[in-house]
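So that you can tell them apart, the chains are marked A, B, C, D, E, F, G and H in the order they are listed, and the count of residues begins at 1 in each.
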Amino acid sequence: MHEEIIFAGFGGQGVLFAGQLLAYTALEEGRHVTWIPSYGPEMRGGTANCTVVVSDEPIGSPVCMHPSIAVVFNNPSLEKYEPLVKPGGLLIINQSLMVTPPSRTDLEIVLIPATEAATEMGQVRVTNMILFGALLARQQLVRAETVLTVLQDKLGARKAHLQAINNAALERGAALAQAQPVE
Amino acid sequence: MAAELLKGNVALAEAAIRAGVEAYFGYPITPQTELLEHMAQRMPELGRAFIQAESELASINMVYGAACAGARAMTSSSSPGISLMQEGFSYIAGSEVPAVVVDVMRGGPGLGNIQPSQSDYFQVTRSAGHGDYHPIVLAPASVQEAIDLVMLAFDLADKYRHLVFVVADGLLGQMMEPAELPPMRPLHTERPDWALTGAQGRAPRIITSLELDAPALEEVNNRLQAKLRAIEEHEQRYAEQMIEDARLVIVGYGTAGRIAQTAVKQARHEGMKVGLFRPISLWPFPERRLSRLADRVDAFLVVEMNAGQMLDDVRLAAGGQVPVDFYGRTGGMVPVPEEIYQAIATLYAKLPDRLS
Amino acid sequence: MAKGRIEINEHTCKGCTLCVIACPQDVIVMSTDRPTAKGYYPAMLVDPEGKCTGCALCAVACPDVCITVYRQVPVRAARAEASV
Amino acid sequence: MVALETVIEEQVVYARPASLRDVPTHYCPGCTHGIAHRLVAEVLDELGVRERTIGVSPVGCAVFAYKYFNIDGCEAAHGRAPAMATGLKRVSPDAVVFTYQGDGDLAAIGTAEIMHVAARGENITTIFVNNAIYGMTGGQMAPTTLPGQRTKSSPTGRDVELAGFPMRMAELVGSLPGAAYVTRRSLHNVKEINKAKKAIRAAFKVQLAGMGFAMVELLSSCPTNWGLSAPEALQWIEDVMVPYYPLGDTKVADGVDALMKER
Amino acid sequence: MVALETVIEEQVVYARPASLRDVPTHYCPGCTHGIAHRLVAEVLDELGVRERTIGVSPVGCAVFAYKYFNIDGCEAAHGRAPAMATGLKRVSPDAVVFTYQGDGDLAAIGTAEIMHVAARGENITTIFVNNAIYGMTGGQMAPTTLPGQRTKSSPTGRDVELAGFPMRMAELVGSLPGAAYVTRRSLHNVKEINKAKKAIRAAFKVQLAGMGFAMVELLSSCPTNWGLSAPEALQWIEDVMVPYYPLGDTKVADGVDALMKER
Amino acid sequence: MAAELLKGNVALAEAAIRAGVEAYFGYPITPQTELLEHMAQRMPELGRAFIQAESELASINMVYGAACAGARAMTSSSSPGISLMQEGFSYIAGSEVPAVVVDVMRGGPGLGNIQPSQSDYFQVTRSAGHGDYHPIVLAPASVQEAIDLVMLAFDLADKYRHLVFVVADGLLGQMMEPAELPPMRPLHTERPDWALTGAQGRAPRIITSLELDAPALEEVNNRLQAKLRAIEEHEQRYAEQMIEDARLVIVGYGTAGRIAQTAVKQARHEGMKVGLFRPISLWPFPERRLSRLADRVDAFLVVEMNAGQMLDDVRLAAGGQVPVDFYGRTGGMVPVPEEIYQAIATLYAKLPDRLS
Amino acid sequence: MAKGRIEINEHTCKGCTLCVIACPQDVIVMSTDRPTAKGYYPAMLVDPEGKCTGCALCAVACPDVCITVYRQVPVRAARAEASV
Amino acid sequence: MHEEIIFAGFGGQGVLFAGQLLAYTALEEGRHVTWIPSYGPEMRGGTANCTVVVSDEPIGSPVCMHPSIAVVFNNPSLEKYEPLVKPGGLLIINQSLMVTPPSRTDLEIVLIPATEAATEMGQVRVTNMILFGALLARQQLVRAETVLTVLQDKLGARKAHLQAINNAALERGAALAQAQPVE
């Protein structure tokens, strides 16, 4: 297995954390993994992306031009990454902030109304977990159980009260993804 | 200890702590600020010295002071901050005290940007400041290697009483990957026999880079040059991959070298005889091994995240025996494997047949 | 009391709420459903009763120069007041 | 009666000043850097000097100030804006030259430059935005960080034993004979913003009158790195910063008084 | 009577202090750098700290101070002695660390370092030799050069319009909260020399008591670059320098008073 | 105008004045202080800007400011001061404004001494600061050439909107010899069309080295590199003596080159076929001519007042075709003709016969 | 008045004359005929009448620590005074 | 003609000026000439030397290991330069400060009690002119008349009153040199 995943959105959407969660989990499952972020100039509200490579072998390049998977949290990211995903790759889109739908036909495309769903859940900040749940439902990069353990570990005692909503969000994302037909 | 997912900057900092750094002085600058922040947290906890200095000039001169007292001391910065430290580096080299500097390079010139770069190669390897000297420069390509080289850096600094750089770039600084930290080494309990500790029951010691008398200063320089020759003799470090039958050898260090590895693999996959040579010590440059390779390969392709700096060293090592080509990205652009592969493929197709 | 109104540039507004706090007439509220391209929820004037006086306190408080303030003034007085 | 003859007309009473470009800034929501920008721009408009002003941006969150002001501008190295402004002014005495600097820029790495520009009485104006933190690099301690204040590089709060005491720059700079006008103002509410604008206006007038160096220190918010909401941040200025950094003039040279009074 | 029993014996009442090596200095005839050295050495002797003291020499005429003091020493880059001393002290808290700096070193290129060492309340001592000129490089203007004073770089006299006003460093540094003891003294006659010694002693005692930063500014002569004979130079200190640089304490923190009184 | 006996430092200063420098900012440092002192006298007299800055950092940033306003501006210093200016140089290069810097080099590293040296070669030619750039570097060998090259420096700075160094050493700075000053050139009355003058009736102009967007900063770098290639194409300068039939060519610049000339003459006198190649532009290094010479001479002997810095450039130009030997003195020692002659004679005796 | 005498180190003396000025008894004069190796004309004690009191003012004033001061003191008192 | 002359002594003795006077005069007489100083660390009272090269041809090296002429103003300079002067060269010594007489026999050696003579003339500062006068008497590097013109020029109006004593010192030096037998 060797997958290159890009998470992209704006700051404050939990983009980087989603990527880190994947990385921690992959490590937990004994894979090789790299995570790298990139930001815009703003401290808040600018672009925030990260690239995660998960592999069964030692990883050379942690960057790539054509990711096999992209999870885009907003419309500018969709515009930027839709053309770059590898043919046959997976593109997960936060439908709530999508302006123009994607046009490529050689990709597996999953539309998730993540912001809406998160708002419905009363916590817009779990948008990222919803999208992450959707990702795992479509491509089992890591096992959902491991994610839950890692998440518990990362949240720690101080934020333990957030565990439940995060878990729910992951499930919600998975459910939304499964509800969508695989084209 | 098992591998943990560590950010490059944090790993660099924690490695220094494990290596027994007694004093850290630094000034914030992206993309190395997490290193300073980790130190801000950990050093006071451990009862060691931490100061966020008023500037990079102050940082390096605080390091200079702590080093004169015989303590393991370090600072870290990124390109513009490194430029500001040049005078301090020269003083440290001239007075032969050990010191470790981490440079997490970013795009330039000037304020440039905060993206990854390798464009400090010249300023760190050639003479980081006025006068005749070269710091030892180590360039890790992974978080694990960053840890290992920081440990090594302190040992080399002490061994040679010399300035040692660990140079990373914004990508390695910001990247997380699994790595294993060594156990905490005990702090040195004794000060070395040249250190300033107060002249108790002994003659006063002086540490200075000043010597107004030219013949005497030439002596100082001769001693320094002899030390540098010894370092060149003993400390050339590199890694190689798929080099045995390679006709084309890619030469790249740090992040560029690591990314090139993926391109090299792809080229092998396509049947090209391509290898990777990754200098780990940028100074001393591993020219001995490289010039031996020059005897039998058909070409070198240098890959850097700059406009061609190590290129000079590769050309010097190749000694005109084989063509040396270059592929570089500047301004914080990180080359992706695909483009390096393209450069390899193009060059490979043009390779003269050495034997013909 | 002078009658006024404001226009808020919804593209540049960052939803910081400082205008809301500054307004003595409580006629600015934050939107909750229309994030800007940057993901902020902009402020908007909700003034069904026409309470805005055009006092411009909101504009002075706004860090992003999003607010243009209009006031209905007697024309002859206006010239003098405009330079205040 | 005359009043009956008056027509009611809608007029713009507040709009973007011409000296500020109509572009969104990269500042965080609620960051008062934006207010400082606007005030400077309004003053340049009102003094009618936009077309002969050159602004020097710092390294700090205001690094892109040159993109926001609608004037000639350049970008100094971290802390060196006063030196750069000196170079500009000495060869362009008719230009209005100002620096815009943060507290890391001016009170840490640039200490020597600001002190000496004031000592020389260089005929330039400095807008000094004191937000008690390094904003751009993500919230480290500044020389102006308050005792006990938590930052990324003072995670348990500024320990004055190890990190020393905050520097009051308006007082230090104001104590130099070459400084003509030095004052400290705040941006935490409308009243203070209006006073700040008056101070900025005075500072530029000092330059126009050739009276020497003028500096306006502005207490400013950094909600992001203080970990506060925008309104909380303003409250923090009032509750915590103002007591340590008293507002008011620290230097008013002879003749500046008169300037401040005239319209 | 007891007096008749007393034997008359010749005793040494003044000799070279042990903390000063018995070597000739490179200073010009009549230069009071030599006096400053001697006073520091006497104080180190009297406090019994010679064997735990580390001196930091500046770049300036006192560049070879490390050759003259009989203690561990090092040589800082121009202006950076306070930073170097900080590094030394933080890893050697039991050592007595002092910097010895000229006015070019401390008040020009080293402005940031001296201000911040004081702001941090770094527990070190600074001996600041103010001779209103750059001695070592042959007599150029310093930040402390007096208005109208001719130097090699102000050949027609310091023009305050172009070169600004002299900086009073004791006042500036003394105004920082981290400074525990800051004073200005002079070396122009025996009475003042004795007072200067008391101040130096107090400054080192502040360090020994862990009270923070202490600085003694010493008005000092540069007969060579002032173009005066040695006695004329001392007179010039009295007539010209002292009026601009008033002698006395600019900062005495709580508790320092007591230290100064005790023997 | 007739030749006058002029001190190098004074000639450098007065030449800048004749070239129309509008602003000088500097900080005293031996052995260039007379330059600053001459400026202190003359600039105010002429109504031009002179400031003795608070430091070298301030000096170079004042130069940067004045240059942004479109004025001819310069500073001068010596080795430690040049180290302190590195960040400023990088900003100037990155924002492409013209500026002239005189470096009167002294012995290092650290405080070193105040004797003549050439050990700033690396720090000025490679990249005086972080990022990818090279300043233009001109190295005079006589007081007359110092004058001529200062005049040229301002023209090149303006032409390329680039940083130009004139590097001398303590000996040339302190030496007096007859030279002729050019007449005073009129000051430029108009500001260039990129300069900051206030946006009167035109769109605002911005001068910056900042570009957060990596692709855009790469574009900036590409432009900069293209300019550097153009400079390499057009501005390689050198002087040659007795080169036609030379089997051994001495390569030395500035004072070292000048002293070598006497040794070369003596060697010719003794019948050795020896010539002198004196680079005048150190960057761009006159590698075109030198590599052509490498085709036909038997060896190069590099002479420098350092531990071997230009040596790299000569080796690169020689491309492994001929042996490159080195004779250097450090620490402020100035080689005398006798010792260079010895080095020549020893090497000459060992020359392989190319044709055999 | 206590009786004293001084020794001046003629190798390190730089002839600055500051001791001459400092001496209240006027018993120090500058030599004019014996330059030191560095070319200075050193100070010397000329005290035929034994006027030197050992007050040490000359030594305090000397920038080059050239002067050693001796004083004849009653032995028992000496211990106390020496530490003054 | 190609001569390399070293003037050496301590600061304040007018060593550098003596060399400059030679250089100015040589230029006036149309020769090629270089002058370079070297100092010790002291502002006053340290060593002060200068090397002057006078030649009929353009000058390569302005430094040399073995000067053809040395004029030593004090004993340390005598000790330093006696061994270095070219065989057959000229060594002018300020006898007043000489401790040990020179031992070389392959040099033309001239002992001039310059400091004494200058003191006698009431102006110890003209020691340098006495030695310079002696030099010219033994080796006519430049013409004495030209020296006088140049000196007048250099002294300028402000110091014109010093012309007479300087001239007298030059003559005195010449006389002292001529009085000594050429060995």
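Side notes on the structure shown:
In this section, a residue touches a chain if its C-beta (ideal position, glycine included) is under 8 Å from a C-beta of that chain, and two chains touch if they have at least 3 such contacts.
It should be emphasised that the depicted structure is a prediction, and the values quoted were computed from it without experimental measurement.
With steps allowed only between chains in touch, the distance from chain E over to chain G comes to 1.
Shared contact partners of chain B and chain G, listed by label, are E.
Separating the centre of chain D from that of chain F, both taken as means of CA atoms, is a distance of 41 Å.
Averaged C-alpha coordinates put the centre of chain B at 55 Å from the centre of chain H. Our note on geometry: chain C versus chain H, Cα centroid distance of 87 Å, whole angstroms. Residues of chain A found to touch two or more other chains are 40-41, 45.
Looking at chain F, one finds that residues 51, 54-55, 57, 80, 87, 91, 95, 110-111, 115, 208-210, 212, 334 touch two or more other chains. Residue positions of chain G touching 2 or more other chains, listed in rising order: 14, 38, 40. The touching residues of chain E, when paired with chain G in their complex, are 3, 6-16, 20, 24-25, 27-35, 38, 189-190, 193-194, 223, 229-231, 234. Residue ranges of chain F in contact with chain D, taken from their complex: 22-23, 25, 49, 51, 53-55, 57-59, 61-69, 71, 73, 87-88, 91, 95, 196-201, 204-210. By the touch criterion given at the top, residues 50-54, 56-57, 63-64, 66-67, 69-77, 80, 83-92, 95-96, 112-113, 115-116, 120 of chain E touch chain B in their complex. Looking at the complex, you find that chain B touches chain F at residues 57, 79-80, 82-84, 86-87, 89-95, 105, 107-115, 119-120, 122-123, 126-127, 129-133, 208-222, 224-225, 306-309, 312, 315-316, 318-321, 329-334.
Touching chain F in their complex are the following residues of chain H: 20, 23-24, 27, 32-38, 59-66.
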